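By letter and in written order, the chains are A, B and C; residue numbering begins at 1 in each of them.
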Amino acid sequence: MVANIRNLTVAYGRNVAVSGATCDIPEGCVGLLGPNGAGKTTLIKALLGFLKPNEGEGTILGYDIRSASLELRLHVGLMPESDCHIPGISAVEYVALAGELSGLPRANAMQRAHEVLEYCGLGEARYRFVETYSTGMKQKAKIAQALVHGPQLLFLDEPTNGLDPESREEMLELIRDISHNKGVNCIVSSHLLPDIERTCDWILVMSQGKIRSQRSVADMKGASDSLWDVELKEPVESFPSALEAKGAKALSYFSNLYRVEVPHGERAAMLILAVAREVGAEVRGLRPASRSLEEAFLEAIS
Amino acid sequence: MIELQRASRWYGQVIGVNDVTCTIGQGITGLLGENGAGKSTLIKLVTGQLRPTTGAVTVFGETPFANSSVFRRLGYCPETDSFYEHMSCEEFLLLMARLSGVPSSEAAAVAERSLRRVGMYDSRKRKLGACSKGMRQRIRIAQAVQHDPEVLILDEPMSGLDPVGRKEMSDLLLEFGATRTVIISSHILYEVEALTRSIILLHRGRLLAQGDVRRIRDLIDRHPHQVVVETDGSARLLAKELVGLSSVVAARIEGDESRLIVETPRPDEFYTQLRDIVLANNIPLRTFYSQDNNLEAVFRYLVKG
Amino acid sequence: MSQDVAPPPIADLTYRNYDGPKALRPLRWWTLSRSFIRTAMRKKAFWVLFGLLCMQWMLFALFVFINSQADQITGGAQRQLRAFNLANTFVDVTDIWIWVFAIALFIGAGSIAADNRANAIQVYLSKPLTRADYILGKWAGMVILLYFAQFVPMLVAVLYAALDQGFGEFLSSYPRLALVFPLVPLIPAVMHASMLIGISALNRTPAIAGIAYTGIFIVWNLLATAIANAPIVADDSRSTLLFLNPRGVIYGLIFNLVGTRGTPPGFRSELPLPEWAPLLGLALVLCAGSLALAVLRVRAVEVVKG
């Protein structure tokens, strides 16, 4: 386990932002979801030691969040949501300074800065000032400064904010790589559910200060073996009734997408393709139905 | 409704948009492009904040620049986050309503209705400076739609909204798109895809593609459609069968031998042939789907080549 | 890593975990000071201003030189020059406030203002660094830089003067100067650093912070001069009132430290040495107040915005 939280309560005056949160955060990549005002940011602040919780305790990587908060930051990296950087110095100098501040000797910090900037995709641009960077490059520099000191846990707050599709792709790839192949645990907070789906294996849902659910992505999506999502090229009116004639059922449909229930024991693909041929429909997709993460999320917070 | 005829706009030596010709009609159109592709310039031209250096831009048949009759029928939700921080949400919407030409007798009712519509009625007295990012976004959208414009232009309309808010906004936009012209500029391609199939893609100031995503996808010959096929039996055996089909140009076995990626330049032909061969030979097919028939793939193929 | 295993033909140049030394530093703020000094010393303008400050002390050496040549000159001029007093000349040269001020402004105006604009405090505080470390780091960096920028040319000049007279002669003629001169640069350094850190912390634009500080510095000085000249004021408090402003505090304390007012021109030459207690009081209020403002401003920064 990367973090253990027991009964954590954080309040600002009378406003209770996090109430009685208890969970174990596993290794790998964990998604933190919740509506605005759910308490996600407060939870992160408490975990990183920026806030003293009113009640409860927690440990991250073995460090107590109340007593060892400075030491904790040696092993944890934060990629904040808003635009931030250290001005007046080149990117490599900035990342090296971030490393030095995290306890690395100067030479090691410089070496690491170059390595990490390379990994994050900033080539020659690293010698320029961060002020001259585009949004995508700024985000890369931000994640580089969070990684420079080799943290075991990385917090990413809306990592794809403001990025164009290509840069988003690169960022998500990087997060996936670092959490699955390089052994750096990640906690990603984002409103973009497909991003979370793509990078995370485990999800923590918060709402109104409480942790509502903590499950794996697969669990949340709950693939079933008798429900199938069928995509036709164009919607065909007679498709649902033709399915019923064969013993299947079209449970819901939206434009050219159908959710079909096939009785157990039947070969779903064969049945559906046969029906499609009958009504002259072109089947473009046939997959086991799973809830979209959006549905699962909305259910968890209601 | 909106027409650009060879419109170009440059700033000194930097080109904003370069020789763009297109027509945008009723319904939702996605405006896509990398950062710096010219989306903001295009939006500024259409909303009348800039004049084209050459060419023409017309909205409702008139030039939009400093044209208040166009402004009354146009709603714009910009990306930049800047307000009169000292005003309350209510006051701000009231001001915007009146600026948009709503008669003062109706302005209060209009503002109230739009507050309710975006779910901000309870927080209407709160000063904008004290509002969260999501709340500010809702107010931004409210001021764009409240005067019932015929054309709605939104730049990253979902930014700052949580998943619940995104869903609400999507529904609102679909509602609008049914009867009006809506242009949505966004980097979040899967959201644009859920709203519309009609897109305009800008690349380095030039118009790279416009129209139905599906049609555009079919025209990208360089990247045949990639279809993932999974089977309960042996993927290799299936591969042998499929490579025999006339519509298949390549087959690739992935992972643990149960997954096959098939490439085809003629998807309609392929799906029909696949169906026939599965039914004829009782092949234990489990699932198949195309992994690059979506907007993200189209964008990637067009922009990166 | 084992030495007998041969490295793979193709190296993995992607991310690797860091397993080198990493520990909480005993002086966390020192890293920040070092970085501050390093960045400032990289700028050309800093060296130009430093050069001008050196010129100021060359002036001192020049006076010493002229005086030492006095034996060659005969007549009335000789009598005038014999009135030469090293401590007075030292104080006169130190009183040239403009170059130290310029250096302070250059390195200090943006010290926290630029960080405000770039939102850098979020980055700093996400590392093992407290808000106090941050301010102390910036402050110490400024003080050290300003101190040595003054002390180096001052040391060279004073050594020249000492050598010119002969060490023994120098120590016996000016014992107080010899003792206190290393402390002299500390006063402008601490005052400028504290006040600039405070003003910088309140602004998002270095230029505005700089202009604000310049304005306060000069205008308050003019105001104090006007008040000191006013006929209502009692004669024995004129001197102290004249020095009750940031610039006056700095130089008033220096005069008290060295023990002489030098040879000021005009009406000031009649005034006695200002009392050090009220000056020190104002100095402490200005420094502590400015630093308190900085602390308040930095404390308001949220590392993870809610």
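As a working rule, contacts are C-beta pairs under 8 Å (C-beta built on N, C-alpha and C of every residue); 3 or more make two chains touch, one makes a residue touch a chain.
Given the structure is predicted, the values throughout are model-derived calculations rather than measurements.
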Chain-chain pair with the highest tally of contacting C-beta pairs: A-C
Greatest separation from subunit C - chain, by CA centre: B
Middle chain, criterion being Cα centroid separation: A
Inter-centroid spacing, subunit C versus subunit A (mean Cα positions, whole Å): 49
Distance from the mean Cα position of subunit C to that of subunit B, given in whole angstrom: 57
Centre-to-centre distance between subunit B and subunit A (centres being mean Cα positions), rounded to whole Å: 23
Multi-partner residues of subunit C (each touching 2 or more other chains): 306
Subunit B residues counted as touching two or more neighbouring chains: 132
Residues of subunit A touching subunit C in the complex: 17, 41-42, 44-45, 48, 50, 70-71, 73-74, 77-78, 80-89, 97-98, 100-105, 108, 112, 115-116, 118-119, 130-131, 145-147, 149-150, 157, 177-178, 182-184
For the subunit B and subunit A complex, residues of the former touching the latter: 32-36, 132-135, 159-167, 187-190, 267-268, 271-272, 275-276, 278-279, 282, 284-290, 293, 296, 299-300, 303-304
Footprint of subunit B on subunit A - complex, ascending: 33-38, 134-136, 161-169, 191-194, 231, 233, 267, 269-270, 273-274, 276-277, 282-288, 294, 297-298, 301
Of subunit C, residues touching subunit A in the complex: 13-25, 28, 31-32, 35, 39, 110, 114-115, 117-120, 122-130, 302-306
